[in-house]
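Dropping the structure in here first, questions after.
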Amino acid sequence: MVRAGIIGATGYAGAELVRLLLNHKDTEIRWYGSKSYIDKKYADVYGNMFRLVENVCRGDDLEELSKEADVIFTATPQGYLASILNEKILSRCRVIDLSADYRIKDVSVYEEWYKLEHKSPELIKEAVYGLCEINREKIKGARLIANPGCYTTCSILSIYPLLKEGLITKDSIIIDAKSGVSGAGRGAKVNNLYCEVNENMKAYGVLTHRHTPEIEEQLGYAAGKQMLINFTPHLVPMNRGILATEYATLVKKDGKLPTAADIRAAYEKYYKDEKFIRLLEDGVYPETRWVEGSNYVDIGFKIDERTGRVIMMGAIDNLVKGAAGQAVQNMNILFGFDEAMGLEIVPCFP
Amino acid sequence: MVRAGIIGATGYAGAELVRLLLNHKDTEIRWYGSKSYIDKKYADVYGNMFRLVENVCRGDDLEELSKEADVIFTATPQGYLASILNEKILSRCRVIDLSADYRIKDVSVYEEWYKLEHKSPELIKEAVYGLCEINREKIKGARLIANPGCYTTCSILSIYPLLKEGLITKDSIIIDAKSGVSGAGRGAKVNNLYCEVNENMKAYGVLTHRHTPEIEEQLGYAAGKQMLINFTPHLVPMNRGILATEYATLVKKDGKLPTAADIRAAYEKYYKDEKFIRLLEDGVYPETRWVEGSNYVDIGFKIDERTGRVIMMGAIDNLVKGAAGQAVQNMNILFGFDEAMGLEIVPCFP
Amino acid sequence: MVRAGIIGATGYAGAELVRLLLNHKDTEIRWYGSKSYIDKKYADVYGNMFRLVENVCRGDDLEELSKEADVIFTATPQGYLASILNEKILSRCRVIDLSADYRIKDVSVYEEWYKLEHKSPELIKEAVYGLCEINREKIKGARLIANPGCYTTCSILSIYPLLKEGLITKDSIIIDAKSGVSGAGRGAKVNNLYCEVNENMKAYGVLTHRHTPEIEEQLGYAAGKQMLINFTPHLVPMNRGILATEYATLVKKDGKLPTAADIRAAYEKYYKDEKFIRLLEDGVYPETRWVEGSNYVDIGFKIDERTGRVIMMGAIDNLVKGAAGQAVQNMNILFGFDEAMGLEIVPCFP
Amino acid sequence: MVRAGIIGATGYAGAELVRLLLNHKDTEIRWYGSKSYIDKKYADVYGNMFRLVENVCRGDDLEELSKEADVIFTATPQGYLASILNEKILSRCRVIDLSADYRIKDVSVYEEWYKLEHKSPELIKEAVYGLCEINREKIKGARLIANPGCYTTCSILSIYPLLKEGLITKDSIIIDAKSGVSGAGRGAKVNNLYCEVNENMKAYGVLTHRHTPEIEEQLGYAAGKQMLINFTPHLVPMNRGILATEYATLVKKDGKLPTAADIRAAYEKYYKDEKFIRLLEDGVYPETRWVEGSNYVDIGFKIDERTGRVIMMGAIDNLVKGAAGQAVQNMNILFGFDEAMGLEIVPCFP
C-alpha cells in the first residue's frame, strides 16, 4: 500500500486528488494538508466526502510528512514548494508537484513569467516534466515530478505529433484556449464569483499567461528549436473542461498540402497505444462534456485547403488529465502500477 | 432635475440603481459612493458603464452628500445607516434605505434577528415601509423609506390579498423561496464562487433568515394579528430572480372551499390597477425569466381540492422589484413623478 | 457474468445505466436498445463512450432480448413496457423497469394520473417496488422490479422514518421539490432548450405531477392509512440533482414537541446501516453538489419550535439513486451481489 | 408613426425585435408573423410580453403585410424571403432582412455555402449590406437591407480599420469566435437542449460556417482584394453574447511594428464618433457581460511584440447588435430618425 500525502488538499486540484486516490486500490491517503482548514474535518470542507473521509486537516510540514509518506502531492501556490523542498525530503519519498515550480528548465524564464525568485534552482535539473505520454521513460526513475499545467497538457498533446513530424511550421502556431472556472482555484476573489463569471465570456491573461513559456519549452523539444507561440486563454461559464483550438500553417511537400491521412498517421504514430488519448474520427471534434470526470484527452483536426492551415483541437478535464489525474498517472508510473489504475473512469454525462 | 446620491453604488443593488437612474429622465446621479473603490472610476468597476458614467467613486460621507442631493439611496451593510443617520440629514433630503435598518418596527425583533444593536431607534417610527402597492399613501409624505427586502416583496405581494380577505388561515403559511445568486451580493466569499454555486441547489439560512420577521410583521398587518410562518430560502444557479412558492390552508365557508374565481377576485381587488403586478391567467404560473430586468411581480395560484390548500406563487427580479426598481418607484412617489418613470422596461428574454 | 440488456439505452437514464454497468465487474451489457438510433454506433450518440463501447444500437424486441439476457432494464416511455411484457419474458429473465408502469398497485390510480390504459394489469401485483432500503427483502425473490421515480425516491426516503414512527401528522406533509433538467429526458422539446431553462426557475406540473400518487401510496404504507400530500416540482438550471424540501407538523407528546435527538433516532432506526443514506450532522443540510454522480441520499432536518413543524430535506442525483443507480442496486440484490457493487462512486465536485 | 411588421416574430431574433420596438417611440408593431403559432396570443408564446402585447400571431403573407406596413422585418429561415420577395412589395415598403438571403453579392457563393438555389437573384444587387457604421450612407436610400450576421458584425467591426489602414496582412487573419446559445435559434433540436449545451464547450461548423464568405466579402472591400480567412465558431453555455478573438500578422513599416498608438489611431479614425462602438482602454479586453442587452460593440486589442501579431477582440450581444438592434438601427437610418432611437439601453449586469 503506497502511503500518500497531499499538501493543498482543500483546493480544487487537491480535492480531485482525494476523489481519485479514494478509488485507487493500492494507495492510502495519510495526510490531508491544508493551511486554511487545519484541525478541521476534511469532510466539513468538502461535503461529498462525508462518511468517506474521516480525517482532519493537517498543516504543511513537508519534513514531517516525508517520514510518513511514500509519495507527496503538492497542490500549492507558485513558489511555495521551491521554498521548502530539499534533498532530505527527496531522499525519503517521491514528490509530485502540481504547481509550476519545477516545470521550466531555464530558471530565468520562470522568474520572469512568475515574478518570483526561485528558492531551489538546484533541483530543477533533476525534475522530470510529467507529461506521461511523452516522457514516460524518464518519469520511471524520477524523484521529483513537475506535473504539467492544464492548458499545457491539452495544447502540447494535440500539437506535438504534427510538429515533431514536421507537418506544421513552427512560427505559425496560435492556441486559442477555453477553460472552465475550476482552473481558477477556490480562492475567494470577486472575479470568480458566480455572477461575474456566469453569462459571460472573456479572454484573460492576454500575452501574459504563465502557461505560455511552458508550452513553448515543451513544443521546442518537439521542434528541435526555440518556439514562439500565441496563447490566449478564455474563461467559460462551466465548472470543468478545457478546449484548445489551435491553428498552424501546414508544410507543403512537393507543392502539396499534407492530407487528412497524413495528419492522422502522425497522431497515431505517437498515440495509437495510448489508453488516455482518443483520436476522434474524421469530422468529429472534441467537446469537453465527453471527457468530464475522466483522464481522457480527445483530439480532432481539420485541414483547410483554402488557407493551407490545419485546425487542431484538444479537450480535457482540467482537474483530471490537467491536474490530479495526470498526477496519479505519474504516481502509477513511478511505483510500477498499471498506468491506468484508479483512472479507469467512464466520463460522466450529462 | 432631482439630484440623487447612492451610498454603496458598487454592490449589485447599487449598480442596478445606476442602471435604472440613467434611464430616468428627471434624475441625475451626483454621487457614486463606494468605500472599497474610492477615487476609482465607476466604469472601471462596472464595465457596462464605460462611456455612460464618467464619475469617480466617492466615499460615504452622508452629511456632505446630504448637501448635494435631494434623495439618497443607501445600499449598505446592515446597521451602517442606523449608525450615521440623523435629523439634520433627514431635514435636508429624502433617504431611501435598501438595507433592513428601518424595516422592522419592534427594535428588539430587529436586534434579535440581526444580532446588532440599533443605533438610531428613534427614527424607526417615522420610517415608512416602502412596499409601494400596499403603502403608497404613507410613502407620499415620508422622509425616510425602508425599502423592502427581495424575498419579502415577492412573498408579501403574492400572499397579502388572500390573507387580508380571510381566504387562508394565518397559521398555515409556508413559504419556500428560491433566489438567484445576485441576492448574495458582490462580496468575495468562497460560498458564492462560481464552482460552488453552479450545478448545485441548496437551502440556506434555514429558520434563521432575516427576512422572516419582516414578512411576519407585514403579513401581520394584513391578518390583524401576529403571524408565525415558515420561510425557507434556497440558492439557485442563476444570476437574477426570485420565485416564491407558498402554501396555505384555505378557509371554508359554509363547508365549501373558495373557488378559483374567489381567489382571483381577491387579488384583483387589490391589484387590478397596479401597473407592476401581473396576475397570470389560470393554469399559468410565474417564471423568473419572464420578469428579468423589469419591475414586474408575476403572480399565479392553484387550488388543491384534495388537500384544501392553495398554492400561491410569485416571481420578481430580485435586483429590480426586489431592490433598486422598488427604490426608484418609491422615489417617484416621493417626488410626485409618474410612478413608472424609468421603470417601463420590457423584460429581457432570453 | 450477468448478461444485461437495456431498452431505451440512448435516453439519459439509459446512458447512465451504461456508465454504471461498465463499472460493474460482474455484468456485461449485451444489448443497447434504442428505437431512434437503431444500427447507429452507440458511441456516436454518446461521445463519452468512444472507445469504451463498440456496440451498435439494436431495437426493442423484448422477446428476442429475453433469450440473450439475464436481466433487462427498461427505460422507456410510460405505457410501453406494460404493452409488451408477458409471462414468457418474465420466465426467462428478470426485468427492472425504470418507467412507472408497475409502480402503482391500484391500476385505476395509474390510469387516472397517466391518462393511459394499462395493458398488463395482471402483472402489477407481483411487481415489487424497488426502493431498496425499504423493500430489500421483497426485492430478493422478485421477477419484476418497479424502479421508483426520482422525486419519489428522494421524498419517501427523507420522510419515511418520521411518518412510520408517528412523529409527524399524516395530513400536514408538503413537498417542495427541485430538479435538474436531465430529469426531463432527452426529447427535443422547446421547453427544454438551453435558453428556455437557463437563467430561469419555475414550478411545473402543479398538482398534476405523476409522482404524487406514487409518493402517497408508499408513504401510505408507512402511515398505515391513505395519504394526501402536496407535491410541487420545480425546474432548476442544472444538469443533475434533486433537492426536496419537506414540511410537516410534529406530533406533540405530553404537550411537548419531539427533540432533534428524537428525530435523529427515528432516522437512525431505519438507516443506520444503510450504505447509501447519509444522515447529515445537525445544522448541515443537503446540497445536490455533494451527491453528484453517486448513489447517495443525503438527509437533513430542522425543527421549528415556533411553528411546531419539522423541515426535512433530501438530496440525490436524479440519474443515479433516482434512476440508474437504484436500478443497479436492485440488480445487485436480485443476483446476490454485494449491494454496492459498481456503485461505490465518490461524488464528483465541482 | 412608422408601421412595422415582423415575419418570424416568435424566433429569438424576432422576439428581440419586439422588445426593442416596444421601446421605440415612433414605431408601432402591426403584424406579429409566426407560422408555428398562428392565431395564438403572442404573449402566450413569450410570457415576458404578458400585458404588453395583446396581439395574436398572424401568418407570413408578405403581400398582405406590405399593404399595412411601412417597414417589414424578416427573421426567417434561409431562402424563404428570397422565394417570396418581389418588386411590388419593395415598391410599397422597406424590407429589413435578418436572414442571409441578400447579404452575399455573388449568388454562386451564396448557393454554394447555403446549399440553396436563390429564387430572386435579381434583387441582390440593390440590397444594401446593413452594417450601419460602415455603410451608413448607402443605407439611407435603400429599399432592401441585408442585415448582417451576428458573428459577421462582431468580426468585421473589430478588424475593419486595421485592414483598411494596411496595418495587418490580409492572408493572416484567424477568427476564433464564441457564441451564446440563442444564436442557434428556438428550434427544438437535441443539440440545443439544456443538458447538451450546459457544462460543455465545443467548436462547430468547422470550416463550413456560413458566416465565413460573408466576412470574407466585407473584409475584402476593406482590403481591396479577395480574402481568405479562418473562422471557427464555438458554442458557449450562456444565453447571449459573442466574443471574437482575432489574430493577424502586423505589417512592419521601416522594419518596425506598428505601436499601440498606431492601432488605436486606426480604430479612432473610423469609430471615434460612433455611439455604439466602444474602443476600450489599453489593457482592457471585451467581455460579453458588459454589452448584454445593448447595441454596443466593445473592441480591444493587444500587440504581441514577440510574434509580430496583433490580437483583436470584439464583443456584442448577438441578439441586439448582432440581429434585432442593428435592424432597428437600420430602420432609424432609413426613416431619418435619430440613429440611436429605441437603442439607448444601458447594458444589464449581472
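In order of appearance the chains are A, B, C and D, and numbering begins at 1 in each one.
In the analysis below, a residue touches a chain if its C-beta (ideal position, glycine included) is under 8 Å from a C-beta of that chain, and two chains touch if they have at least 3 such contacts.
The shown structure was predicted, so the numbers you read here are calculated from the model rather than taken from an experiment.
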Result of counting contacting C-beta pairs for C-D and B-D, higher pair: B-D
Remotest chain, chain A as reference, centres from CA atoms: B
Cα-centroid distance, chain A relative to chain D, in whole angstrom: 38
Approximate Å spacing (C-alpha centroids) for the pair chain B, chain D: 37
Between chain C and chain D, centroid-to-centroid distance (C-alpha), Å: 46
Per-residue overlap in chain B, given as positions that touch at least 2 other chains: 12, 182, 195-196, 198-199, 237-240, 287, 289, 292, 350
Touch list for chain D against partner chain B, complex: 12, 15, 19, 22-23, 46-52, 182, 199, 239-240, 278, 280, 284, 287, 289-294, 298, 346-350
Residues of chain B touching chain A in the complex: 12, 181-182, 186, 188-190, 192-199, 237-239
Residue ranges of chain C touching chain B (in the complex, touch as defined): 171, 174, 176, 178, 180, 195-196, 198-204, 206-207, 228-230, 232, 234, 236-241, 243, 245, 247, 285-289, 292, 302, 304, 306-307, 309, 311, 313, 315, 350
